[in-house]
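These are the structures, in structure tokens.
Okay, so subunit A shows up in both of these, paired with subunit B first and subunit C after.
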Partner chain A sequence: MDQPEFRFYKLSFLLPGLLGLLAVILFPLFFTVRVSLSGWSAVSPGLDFDGLANYRALVSDVRFWQSFERLAGMAVGTVLIQYILGFAMALLVWREIRYRRFFRVLFLVPMMTTPVIMSVIWRTILHESLGPANDFLGLFGLGPYPWLTDGSFAMASVMMVEVWQWTPFMFLLLLAGLISLPREPFLAAAIDGAGPVRTFFNVTFPLMAPVSIGAIIIRLIEASKIMDSVYVLTSGGPGTATETAGYYIYIRGLKDFEIGYAAALSVTYLVVMIVLLTVIAKLLVRTFVGRGT
Partner chain B sequence: MARIHLEQVGHSYGGGTYALEKADLVFEEGLTYALLGPSGCGKTTMLNIISGLVRPSDGRVLVGGTDMTDVPTVRRNIAQVFQFPVVYRSKTVFENLAFPLRCRGWNTTRLRPRVEEIAELLGMSKRLGQSARNLTADEKQLVSLGRGLVREDVAALLMDEPLTVIDPQMKSDLRRRIKQANARTRHTVVYVTHDQNEAMTFADEVLVMRAGRVVQRGGAQELFENPRDTYVGTFIGSPGMNFMAAERIGGRIGFAGVALLPATAANEVPDAADLRIGIRPEHLAFSNDGEQGIPASVNFVQDQGSFLIVDLTVASQTIKVKVRREVRIPSGPARLSFPAERLRLYADGALLTP
Partner chain C sequence: MMPRFYSALKYAAVLIWSAFVLAPFMWALTTSFKTANGVTGGPTYLPWIQYKPSLHGWESLFGGAGGIDIVQPYIDSIIVTVGASIISIVLGTLAAYGLSRFQYRAGFVKNSDIVFFFISQRIMPPIVLAIPFFLMLQFLGLLDTKTGLIIVYIALLLPIAVWIMVDFFDGVPRAVDEMAMLDGCTPFEAFFKVVLPNSLPGILVALMFCLIFGWNDFFFAFTLTFTDTQLLPVAIVALNSSVTPWWSLSASALISVAPLVLIAFFVERLLSRGTLAGAIR
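Right after this comes the complex of A and B.
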């Protein structure tokens, strides 16, 4: 096989993949950047050039930055709760216990359901006057609570649904980590006379640090895109109480049809997210691995 | 410190064949024992039974006369060092050594002198403040050992192939430090290894194991000179003992048509199906010109530095001879001398006492 022919083969094998990549990632990305520099909106559609006007506008867009703060709080809060719950569940079914297989599968069920449908069901459950949640709490003389109509309650509800939906994923990753741990450190701890609590903090937790970091970062990336549950449960309301960055961009772009401005928001969102998550990942590695394993 | 008695102890995992056959074994107080054998012969199982990580399916474990069979590991006062060094990576060397004491409720003022004493013993005083994570493998293994030594209530120290993952250059240094530490603390030590040099140099007594059974126990010299069966003979020594099919020559025992053993020995020989003569490669020598000897032909020579291993054929049987490298090796035909006092006779694999 001579050289040019070989190169042709290489290219022809790579081309479909490259074209796919170009079509679904690179083109939309660069096109969004281009659109963000235009004044494309419902009134003046078209790819004109507006300079950095959109970016100047978004700097002082309080609603956008507030949605960002809210998202950060939600993402960190839910992932932390998911981590603690997931770890606890994984520890529960890690060792030989009765019906271990049954519990392992049971814990995974929420993750296997369709997020939007589950959100609809949760919305029904949490409905203030018609939902079974308030009905049930009423039996004990509690409530009724404004699950989805009060700012703080709505926030808590969205977070609860997120936690319910995604704790199983955390559980799965952490259980896989636990199962792959070596036996010797645990034997050594037993011989040193360590009880279950000491063993957890001195052996299990440090050994699980790498897996923990991986799981937390994967979930943080996912959680920073919270959108479907917000859309279905509260539509960002009441007011803007549960509006996340993704949902706000959706409103500006696809409801108000301010394409140019929404594009600028998206690009900003992307940059902020990349920077934030990189910093968080670095910090996690430094605290866990630097001090821990 | 205590005497450990395994009373009719045996173990089978999941009720199958016995990983460890039922037997009585005693480890005397303050002595060092090595369990030597190939992988899967039950060494680690025996160790785990002593430490309580495995509950034997048969028999009782007596430590200092007390029945400990059902006492959990945590309350057994046994220290164990594993094949892979285990350190608490999030802690400093000091905190690692202090950990077993902290588990027993000691406060810092009380445990500090003890930890410093053990660090001194292991030659790790300068490293106390360091994070255990950054230690080399042999230092980590020393810390593992230190966690066992630091406890004052230790009845026995068990070591499960502690030098396997250590670099060869570090091995002898680590072995020396472990030995020194032991000489000072005088614990009962049970040391598992598949390295015979390690076993021989380390232990007061070596227990050779095979298929869940202790085949022979004794000092290094005893195992070398009087292996109880052909398995021990082959397993101990490098290379192992030579075994030649023996024949009866007019009331005497010999091979290749030459009578080697006197009639007295021959008289005691039962009518065994398989009769063999064993001799160590170190005990064979080339006959000088004019001396008697059995004719042999040299196949090849392995150079091991200070020694040469010569592979010969004698009457269609292969024999190895280990000689110092100064010895002149005849090319082609040679004559071998078999010193009678070094010959051992085996009937169906078992040693016949001369």
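Right after this comes the complex of A and C.
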């Protein structure tokens, strides 16, 4: 299908989408780089040229780098928990269990709901005196806990809401993988008399390695954009306890209106993100595939 | 004895997770029938027994006192989400078919690089795009309009559509379209008459994911629209202030997440039939 006379068709399939995306994405990207070299702020709006001043300032911006570490911790932490829980739930409703189709639907539901709206509901649940969370724990003589007003608790709350929201995505990808696995290796394991635990570690887990890598990478990419739940639940607080890199850029750019500085932060953020995600993807492939097959 | 024990453990785990998944919905449901008295007295769960139920929260959604009028945001959300999803699916399906069937080369750029370019847009943190989008829409006079949001959402959804459809078309044997072209079809005819009608499962999966991610976006709607256009998430979060009307909030939350919950049933059907495995990877 690559005859030269197909050139017209070839281009008319690809170009509308490609050019559309380029138009909407490339301008913002170049513009951000250009703005990051300016001193654009509420006091002096406009595209002047300030050289690398913003970049020099951000190198020593402790709050920015701390928000980065926090984001890394949150993203890796929540994705790991989501992977373990999502895999466990996928295994549980994969085979012999009653009402499994009902449970499959139920376990998918949270990922269909709007994160920011569910975060508002979670905020009422975690309300210290009027919410059911402390009421429930009170039954066991625990609490009341300052879910959103103490630094560590606020972090745990945000992570819990993220786990509630996105474990279903992990569950979906892993269950789809489990369902498409070939049957023969499991028959062989059964003939060898392997129990459920050995079957899992010797057969299921290695066979699921490629799906696992894909699912973890997709979730890491999405988790690095965590924003809505932080905005609603804690607004980055108390203090800066739950402030992620994206949220910090939002404050500097769209609240304090230091556009130039926020653009420099954005460019740095994007570069660090791409490098980190590439490294993580490589590492994951090496550990999983190296051990698995 | 042991298998019994294992199986009990299994059901316990499934039920505990189910309770966790359902908890916010149950809480929102009961809260939506409360009045101020039912909320400020501490957490209660059972209507009639613990508090006196009222339809106040639900009425406030349709112009009643102390809430928001949710009808207009609902319509706006549907227009923007469905509009952006359909355009993304059309552009994405065409591009994906091209990328799956033809060899493109421009300098060192090859097919795999173009596919990667599409997918890599998902890595872009929304905040990086927010400021330039704001200025771009302002320049075009599209700030605070549905058209402006649709343009922005296409940038978010097109990568998803391309990603899913490239994988899908790679799974459709080339012989299918080659046969059609031997019969004298042009590539367009082969695509529209033969390949497309058989691609409905893939398109549905792509459409569902576009709808989910479009409907659930908050950040861009929040930063790029203000008063003339207001999407559901923005309207609902605006209720979340120091004196939040929990009853209106809960009712509006339930009514806005309801349509997508139906998608869960649909995804499960595809999943259990094994259709999804191919489409996702």
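To be clear about the criterion, the second predicted complex is superposed on the first by the 273 of 293 C-alpha atoms of A that agree within 3 Å, B and C clash if a C-alpha of one lies under 4 Å from a C-alpha of the other, contacts with A are read in each partner's own complex, and residues count from 1 in each chain.
By definition in this document, a contact is a pair of C-beta atoms (placed from the backbone, for glycine too) under 8 Å apart; a residue touches a chain by one contact, two chains touch by 3 or more.
Just so it is clear, the model here is predicted, and its values are computed rather than measured.
Undergrad: Answer with clash or fit: subunit B and subunit C placed together on subunit A by superposition.
TA: Once both complexes are aligned on subunit A, subunit B and subunit C fit side by side.
Undergrad: Output check: A:Ala188 vs subunit B and subunit C. Expected answer is one of first, second, both, neither. What do you get?
TA: first
Undergrad: Should A:Val203 be classified as contacting the first partner (subunit B), the second (subunit C), both, or neither?
TA: In the superposition, A:Val203 touches subunit B alone.
Undergrad: Report for A:Ile125: first if it touches subunit B alone, second if subunit C alone, otherwise both or neither.
TA: Touch status of A:Ile125: second partner only.
Undergrad: After the superposition on chain A, what angle is formed at the C-alpha centre of subunit A by the C-alpha centres of subunit B and subunit C, rounded to the nearest 10 degrees?
TA: 80
Undergrad: Quick one: subunit B or subunit C, who's touching more of subunit A?
TA: Counted on subunit A, the partner with more touching residues turns out to be C.
Undergrad: Figure out whether A:Leu26 sits in contact with subunit B (first) or subunit C (second), or with both, or with neither.
TA: A:Leu26: touches no partner chain.
Undergrad: What is the minimum C-alpha distance, in Å, between subunit B and subunit C after the two complexes are superposed on chain A?
TA: After superposing on chain A, subunit B and subunit C come no closer than 14 Å at C-alpha.
Undergrad: Identify the residues of subunit A that lie in both the subunit B contact region and the subunit C contact region.
TA: Shared contact residues on subunit A: none.
Undergrad: Considering only the defined contacts, which subunit A positions touch subunit B in the complex?
TA: Of all residues in subunit A, those touching subunit B are 182, 184-185, 187-188, 190-195, 198, 202-203, 206, 291-293.
Undergrad: Over in the complex, which subunit B residues touch subunit A? Could you list them?
TA: Residues of subunit B touching subunit A: 51, 53, 72-74, 78-80, 82-84, 86, 88-91, 99-100, 103-104, 133, 144, 147-148.
Undergrad: Flag every residue of subunit C that touches subunit A in the complex, lowest number first.
TA: 6, 10-11, 13-14, 17-18, 20-24, 27-28, 31, 39-40, 42-43, 45, 91-92, 94-95, 97-99, 101-104, 114, 118, 121-136, 151-152, 154-155, 158-159, 162, 174, 177-178, 181, 186-188, 191, 212, 215-216, 218-219, 223, 232-233, 236-237, 239-240, 244, 246, 249-250, 253, 256-257, 260-261, 263-265, 267-268, 271-272, 274, 276-278, 280-281
Undergrad: Could you please specify the touching residues of subunit A with respect to subunit C in the complex?
TA: 1-2, 6, 9-10, 12-14, 16-18, 20-21, 24-25, 27-29, 31-32, 35, 85, 88-89, 92-93, 97, 101, 103-118, 120-125, 129-132, 135, 164, 172-173, 175-177, 179-180, 196, 210-211, 214, 221-222, 224-225, 227-228, 232, 246, 249-250, 253-254, 259, 262-263, 266-267, 269-270, 273-274, 277
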